[in-house]
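Each of the two complexes below includes chain A, the first together with chain B, the second together with chain C.
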Partner chain A sequence: MQLDFHYYATYCAAYLAGFRHEECLEICYSAQFPDNCTRTFLAGVKAPASAATTQTNMELADVDPTPVGLQDITRIWASFHFLPFDLYADVKKGGKRYKNKYRMICKPNGELVKDTVNLAVGKSLQAVGLSMHVLADTWAHRYFAGTPSVVINSTNHCFYEVLEKDGEWTQRPIEFKHTPGEDIENAKYINTVDSNDENSIMNLGHGRAGHLPDYSFMRYKYLPAWNDYQYIYKDNPEDYYHAFCQMIYAMKYLRGESESFETEVYDTQTAAPHEEEIKGILNKRQTDACADWKAFGEKLSGCEIPDFTVETFRKEYAESPEDEKDDTGLGKFIIAALAQKSMVTNRIYKSGNLLAGYSVEYDGKKSGIKDFFKLLSSGKERE
Partner chain B sequence: MTKEGIITQSRDDVRLEKYRFAMLCSGNAMILFALWAIVRTIIQLYYQADTVIEGVPVATLIVPVMASGAVDAVLKFIVGFSARAEGLGKRKNNIYIVLGIILVAMSIISLIIWISVISVFYKYDGLFGIIVSMAVEITVLYAELTLVISAIKVRKIEKEMGLEKPEERGER
Partner chain C sequence: MGKMTRIRNLLIAFAMIAIAIALFIAPQYGPGIIVLIVGAGLIVGGISRLIFYITMARHMVGGMKTFFHGILFLDLGVFMMSGFSVSERLVIYYLTIILLVSGGLDIIRALESRNEGASWKFRLVSGIITLAIMVVMIVGAIFMNNMLIVVYIFCIGLLYQAADKIVSAFRKTAVIYIQ
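Up next, the complex of A and B:
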């Protein structure tokens, strides 16, 4: 997913969930920010680098393909963009290494989504926004893993766009290229370069499928390496609508409207009066739906939604005194990001999978937890 | 076409994809082995031109060695590129399967001859040379067999499914 859904659509879902305009803006800003919070950005404002929620291409190219480097990549991408569906999945074939990679595959409605939403209970609006980013991405990024892997993430020439016009369904082959410019009309899209190296960053997430999972209008089928020669069909308009309705349900829960958050529950009732309009936006063949979502959001609330810019967080954080930084938007976002990363890494480690590295329970000492000391100290302050 | 028709796969569809993928991989392997056949022939002639094996100077074998190397490479190129194209769903012909069977027969015969004179090779190449050569020859034979069997299976499954025309087979 990209700016149009993470920022504008999350604003709309938050508003429908009952948040006020100002609250919606804080939520949707933090729902988009995981795609911008890189180490480069954090270094620029002297914030803890361990709170990074994404990596730039340059940062990825700079990573050593050692186990430690790959664990760092996995911690970031699995925690915020490719939440594993089932860390204990029953895998019939392959050795331990294959099983560990397979268990990192992202899908919606897993136990970790529940944990992610619950982690935001009683926390800041930034934590709510961040959890909505993770939840929404489980729909868009389903069937891909947040760790470099040929055996999971690679695709081949069997890649088709599925089109529907007046009830008639057709398919056409998709051609991938490495030159700038998406060509929707002729089904030519950009993807990462083919690499047979299991640990190459070219095989991270949905890189080999290009931006297709990020376009709400896209319906496609392809042959993933892990599915025993069976095609995967991906219906983005349907998935995105489910994501939207699940966000409404989750945010209503976070506002205290329901007792618990259950998976596979979608608040279609709240979205129903706007269903036609929402599906109209989702089905429109465009690579950027910002304008349509913005217009819909402004119609809903009657207020203007400012354009997204990272400067909002940067400026506030940079101008705050040292002892007040944790109370800024970015400060709260950093705490939420560290909590999410810590929780997901811990779950992966406890499942016996070392792809995200080691994770220890805090023993009350500062040793070995330098990266997450910010999270610990913020917890102590709250106590 | 209906949505179900596009997104639903029968058991035969899955098998078809499996064998097509096997054709693509073994076709690629054939192309690489063809390149290797060329390189190997050149290396043999360059480094062993002055050698005398069992009283026969290698220099006198230049023409037959080059001819057999060229035939081997050309056959592998034809079979490899054809299988690759079919695996990618581009075009289809049947001649290369016959050539593939000829390659399999040639590989088996050369393997038998090679084993029968293994003591000679041991004398000149040593144990390591024999192991490497054996591994390469067996891999070539495995790739050729995979290619031929996959091509035959693809045709059989397509016939069972009634995919007679190129567009029905999904050829691009």
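Up next, the complex of A and C:
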């Protein structure tokens, strides 16, 4: 997903969930920010590098292709963009190494989505926004893994767009290219370069499928590397609508309207009066739906939604005194990001999978990456 | 990083330092040894690709490509170790590509960091020095026919990587989980 859904659509879902306009803005800002919070950005404001929630292309190219470097990539992409569906999935092929990769495949409604939403209970609005980013991406990025892997994430030439033409459903082959410019009229899209190296960053997430999972209007079918030569059909408009309704349900829970958060529950009732308009936006063939979502959000709340800019967080954080940085928007986002990364890494590690690295439970000794001790001080302050 | 990985990193680092020192002491044997090392690396790469095919890639759509890559790497490694005169030229190309990518990446990352207000000067200087080393190597090895310069650059690269492995072997890498 991209800015249109993470920022504007999350604003709409938050508003429908009952948050006030100002709260919605804080939530949607932090729902978009996981796509902007790179190590380079954090270095620029002298914030903890371990709170990075994404990587620039150059940062990825610069990663040391050792297990430690790959674990760092996996921690970032699996925690925030490709939440694993089932860390104990039974797959009847391959050895332990293959199974570990297979178990990183992202899908919606896994146990980790529940853990992610529950982690935001009683926390800041920034934590709510961050958890909505993770939840929404489980729908867009389903069937891909947040770790470099050719055996899971690669695709081949069997890739078709499914579209309605003159009232009939038809399909046409998709041509992938490596030069700038998406051509949705002629089904020519950018993707990463083919690489047979298991650990190549070209095989990270949905890179080989280009931006297709990020476009709400897109319906496509393809042969994923892991699916035994069986086609998978991906219906983005349907998935995105589910994501929207699940966000409303999750945020109502985070506001205290229900006692527990269950998977496979969608608040379609709240969305129903707007269903036609929402589905209209989702189905419109455009690579950027910001204007439509913004107009819908402003109609809902009657308030203006400012454009997203990373400067909002940067300026406030940079200008705050050292002892007040944790109380800024970015400070709260950093704590939420560290908590999410720590939780997901722990779950993956506990499943016997070392792809995201080692996780140590805090026992009073300082024996891990020091950035994470921020969680300790933030927890004490809450108490 | 587990204890075994840390120990393995340290052992590899010490082996790299030993090779670098040996090459500094007897540079006349350098070109042949470098060809052997790069050739052996390609053979190991080929074998590991074949193992990867057997254990993982055969389960994926289009996995046969990995098998052919493995054979190709193996073949290239054997070729390199059998024909020294041609292989020296291959080593120069190999090092040139590595230095070009590494230096170029450093410079681009420095510019990216500068745009975000992060520290960038050290990285920029590092990139420029890497590219300068590449130019010196090309001029020395190809135009002045002096392979010793390639040997020294290879040694410096080995020492740098060894230092990096030693530092990373002692780095804390575990993520702390606080309930």
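In this section, the second predicted complex is superposed on the first by the 379 of 383 C-alpha atoms of A that agree within 3 Å, B and C clash if a C-alpha of one lies under 4 Å from a C-alpha of the other, contacts with A are read in each partner's own complex, and residues count from 1 in each chain.
The rule we apply is simple: a contact is a pair of C-beta atoms (placed from the backbone, for glycine too) under 8 Å apart; a residue touches a chain by one contact, two chains touch by 3 or more.
Since this is a predicted model, take the numbers as computed values, not measurements.
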item	value
More chain A residues in contact - chain B or chain C	C
Which of chain B and chain C A:Q32 touches, first, second, both or neither	neither
Touched partner set for A:N196, first chain B, second chain C, both or neither	second
Partner chain(s) touched by A:Y231 [first = chain B, second = chain C, both, neither]	first
Partner chain(s) touched by A:V162 [first = chain B, second = chain C, both, neither]	first
First, second, both or neither for A:K221, with chain B first and chain C second	first
First, second, both or neither for A:T116, with chain B first and chain C second	neither
Touching partner for A:Q171 - first (chain B), second (chain C), both, neither	first
Common ground on chain A, meaning residues reached by chain C in one complex and by chain B in the other	156, 223, 229
Complex interface listing, chain A residues touching chain B	156-158, 162, 164, 168-171, 173, 221, 223, 228-231, 233
Complex interface listing, chain A residues touching chain C	38, 40-41, 43-45, 50, 56, 58-59, 61-62, 64, 66-68, 71, 75, 93-95, 97-98, 101, 150-152, 154, 156, 196, 198, 223-227, 229, 341-343, 345-346, 354, 356-362, 367-370, 372-373, 375-376, 379
Contact footprint of chain A on chain C as seen in their complex	1-2, 5, 52, 55-57, 59-63, 65-66, 69, 105, 108-109, 112-113, 116-119, 164, 168, 171-179
Residue ranges of chain B in contact with chain A within the complex	1-3, 5-7, 9, 14-15, 17-18, 21, 88-89, 172
